[in-house]
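What follows is a set of structures to go through.
What follows is a pair of complexes built around chain A, which joins chain B in one and chain C in the other.
Moving on to the complex of A and B:
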């Protein structure tokens, strides 16, 4: 069985079933039309019709603060590796965020492998949810083709008329379907509804910027010295909002936190940001990217050009979070448009 | 070698930061096991004649008397820690720096103003060398403990030099600007774990400004939210007025 369906009236029961097995997190509403992933025990607590959460689900894969090691100076250099992990089901993850997790998977499984990430990832069950329309005008998933599922989930739900079509991608997903006893075999009528949905989406989701996917890296190569960056640098507050909310920004700092007796302690990993002035500062107080525009340009290139060279994929998922959250209203689509205009 | 001799002092302040230390709860027991507390007016009556390994000084310098006292403490201390906004940036005491000192004196002491001469409010580092800073009004207990550990271990403590927004995003708060409220988080240095915003309040800038704020950028942001740049500047002056003379 690679696909199944679940009636809409059974969805609440499914969430209760999942929550009875392990911690479930899903999109919950906050004020001002915003959302966050948080623990839930029932479907009613979630808002499945949500726009991207403030922080992407990366916070479950690489937490803001994460203990990597414990040390005891009595034992000298011998340190104890720690992986703080719990079984977790992520429910209702949109395709942009699934793409983000796939990017992180690629980075952290690159050599040297990041075992903390790899172990934690194995404890997370991912249940995706298809978008039938744009969440808002900030999203640019169309240009990156992330409005469609491209794997990276255990189960993937597409909402249809009175049921969800469910794509089963892993053994973990398959056993959930079997154990819950809430799913039914797919019928032709439902398959047709999914085709209709996908056809409708083709009309809705277009490349938001007039550029072909394969031409994007070259644009950033050719506009490296563009004045567009200078203008962004004048606006940017270097608050780091864009990197913190980005589903593929994974830069971190590592700190030792001693206990009060100063002989024991832990080594922790904390999110860092290339937008901070100290990030690229080195010995002698030199900095690789002293100016705001350097840092802004670096971030864009880290999304659209450098990872293409190294990982053959663009590290922008099109979720629109950076544009949505930017205090200075630096907009990703506008930036790409401006670069294209300037290059001619 | 015995436990390090640690003392707490206060200059002009509300002593609220000392209260924060006294209120550490269980952690206070650990702290007391680690240090030899020799002077701390808020919680004990003893005093100490010898040298201090670490002196924590709260409050700002507002007259010659307190300046002398601070210099004496500095001379007697191996390590000096400024704690609380009054000590690290002048804090609310700095507001008087925007007025004539004679007016300030007569407002408080009426026609006896001359009996109580004051100076402009200054943060500790504007007078003596300060080894560690614990910003905040009041100080955040976690940061106090971090700095204490650094001071005892002889390690530097780096105050984050990025905006409160960073920690506020870590905590996934809805942005105050999205709620239509002005917040000083974008230009205030972090380290408080966005304490106020987590609890539904705005940031008042009590930790001081980041070292290199983008002023024109920030003004543009305010314009885009239809906010008056002077309004924000005034808000910033609640805690940071004493830092103005420092910039000159």
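Moving on to the complex of A and C:
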């Protein structure tokens, strides 16, 4: 682990350098005040003071459509397993989204491993970017301690007065720093500025809901039969927006896409949502989570309780996307507050 | 975007050849399947495979033959939807894709040396048949064996010939019941749960395994507990949509467990604690 710094006036040059090597993806502003991760070739196309993009960078690790197998049934059930990869640099990823990618890594590297994911992720270079303040009032990163970097990047940029402090976390990151020739050694003054930034953040980022991190799973265990879920169920539209925009929702469906000759085709993986009515249906049409409240409760528990048992971490990053995007205005912080209030 | 060919993907299928198809009822067919190079599936009783037909899709089907019969394996398929209808169109000699076996099957090790009470409702006889024939093939390793079977009516009863054989064997106590009896039916009439009180058993030496529709379990468990069988001696096979089989896709998730990897067979001690599991 080592650090370097880059002057702000050299950042544009760095992006141009990165784009000359491979595809670069960064936060791009849309006309309506929203942002998306999209391909860029220069710094000017990006907005580094962005709030969470509509879709998280999950879409590069686990694409909405992904070919798993190519098949041909002309002579029996013939197939070849494939993985679709692209050399990619993700630039300007916030700490909440880095945490989301770490959650996905845990799921897909758990046995039985998902080779399709594991191979693809190693073709992606991750360059993180520190937030100095809340992006908006939906965020709850403080509660989950995701306002600070917790690894999961090759390089990590913290904006200071006239430069960025860069944490170099991997050999891949170190090579970029060396090859670009744009970085300088860290000086004491800059180190002090970073300490000041972190100190200021300590005052800004507080747990948005009055609960300690380690007490969150128990809250969900103790409120499983709460009326809060019934009320959410009445509001929820089962649209699946919350799962699509969630950086740690990884549920999927597997479908066959035949070509026009019906002999060849692809078996593909597509995003799915546990909020949809038919998600837990079995043959004969029995559904094990028939009611909306049941599905909503399942999703919350899958963020705050179940993964703690299985993966020893909470699967909410605090990005606030689910609350920001919900058409029925179901708010994550309000929900946790209501659960706490009801439990007493 | 570059496409790289890989091996050892969890989604690769083996090409299974249908060696034989037996029509069991109008709705159910039995498929005997052989893997390439006569490879053994090497499953545990109660595990399942993902069966695939490219262009149609994939579905989890429980294995209904015993692993002691190693040259091939059998799947009992009820016509219940688009995929199983396509399976029903196939002929002997056709191929299906096979992934697996997956999951944790019936508790063969705890069963050994103990008395065994096996309870199957409806199509639940298909997975349980893998265990019954496994026990038959290793008969002296188990104590007293009771098999209770319930079906809607005598027409929907599966594996008729085999049932008669189980009934005849002196080392198995076989008992079945139908919900609706035809005029010529000479056996028990009524719910499967009605058979449990009549079984003579030593509750602390007996392990009960049930497999059937979800609605059946609560009643069956109640009867078993009434007999004094401890909760930890009761195992249930749960039905969920096990889409990927690899503990990832989320369809079969019950709280924090994936039915496809951690189940489908669970101890009742766990099931009891999980709301919505049965």
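Just so it is clear, the second predicted complex is superposed on the first by the 339 of 344 C-alpha atoms of A that agree within 3 Å, B and C clash if a C-alpha of one lies under 4 Å from a C-alpha of the other, contacts with A are read in each partner's own complex, and residues count from 1 in each chain.
Simple rule for what comes next: a contact is a pair of C-beta atoms (placed from the backbone, for glycine too) under 8 Å apart; a residue touches a chain by one contact, two chains touch by 3 or more.
Owing to the predicted nature of the structure, the values given are computational and were not obtained by experimental measurement.
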Looking at the overlay, does A:258 come into contact with chain B only (first), chain C only (second), both, or neither? both
Tell me which touches more residues of chain A here: chain C or chain B. C
With the two complexes superposed on chain A, say which partner A:212 touches: chain B (first), chain C (second), both, or neither. neither
Looking at A:312, would you say it contacts chain B, chain C, both, or neither? Reply first, second, both or neither. neither
Could you tell me if A:171 is touching chain B, chain C, both of them or neither one (first, second, both, neither)? neither
Tell me which partner A:235 touches in the superposition: chain B (first), chain C (second), both or neither. first
Both partners, chain B and chain C, contact chain A at residues 258, 262
Note which residues of chain B are touching chain A in the complex, please. 27, 30-31, 33-34, 145-146, 148-149, 152-153, 161-163, 165-166, 169-170, 172-175, 177-179, 186-187, 211-214, 216-218, 220-221, 224
Touching residues (chain side chain A, partner chain B) in the complex: 30-32, 34, 36, 53-55, 59, 64-65, 234-241, 244-245, 257-258, 260-262, 271, 273, 276-278, 292, 325, 327-329
Residue numbers of chain A touching chain C in their complex, please. 67-69, 71-73, 76-86, 107-108, 110, 112-116, 119, 224-225, 250-256, 258, 262, 265, 267, 272, 274, 279-284, 286, 288-289, 294, 298, 301-302, 305-307, 309-310
Write out the stretch or stretches of chain C touching chain A in their complex. 1-13, 15, 52-59, 78, 80-81, 84, 95-97, 214, 239-241, 243-244, 246-257, 261, 275-276
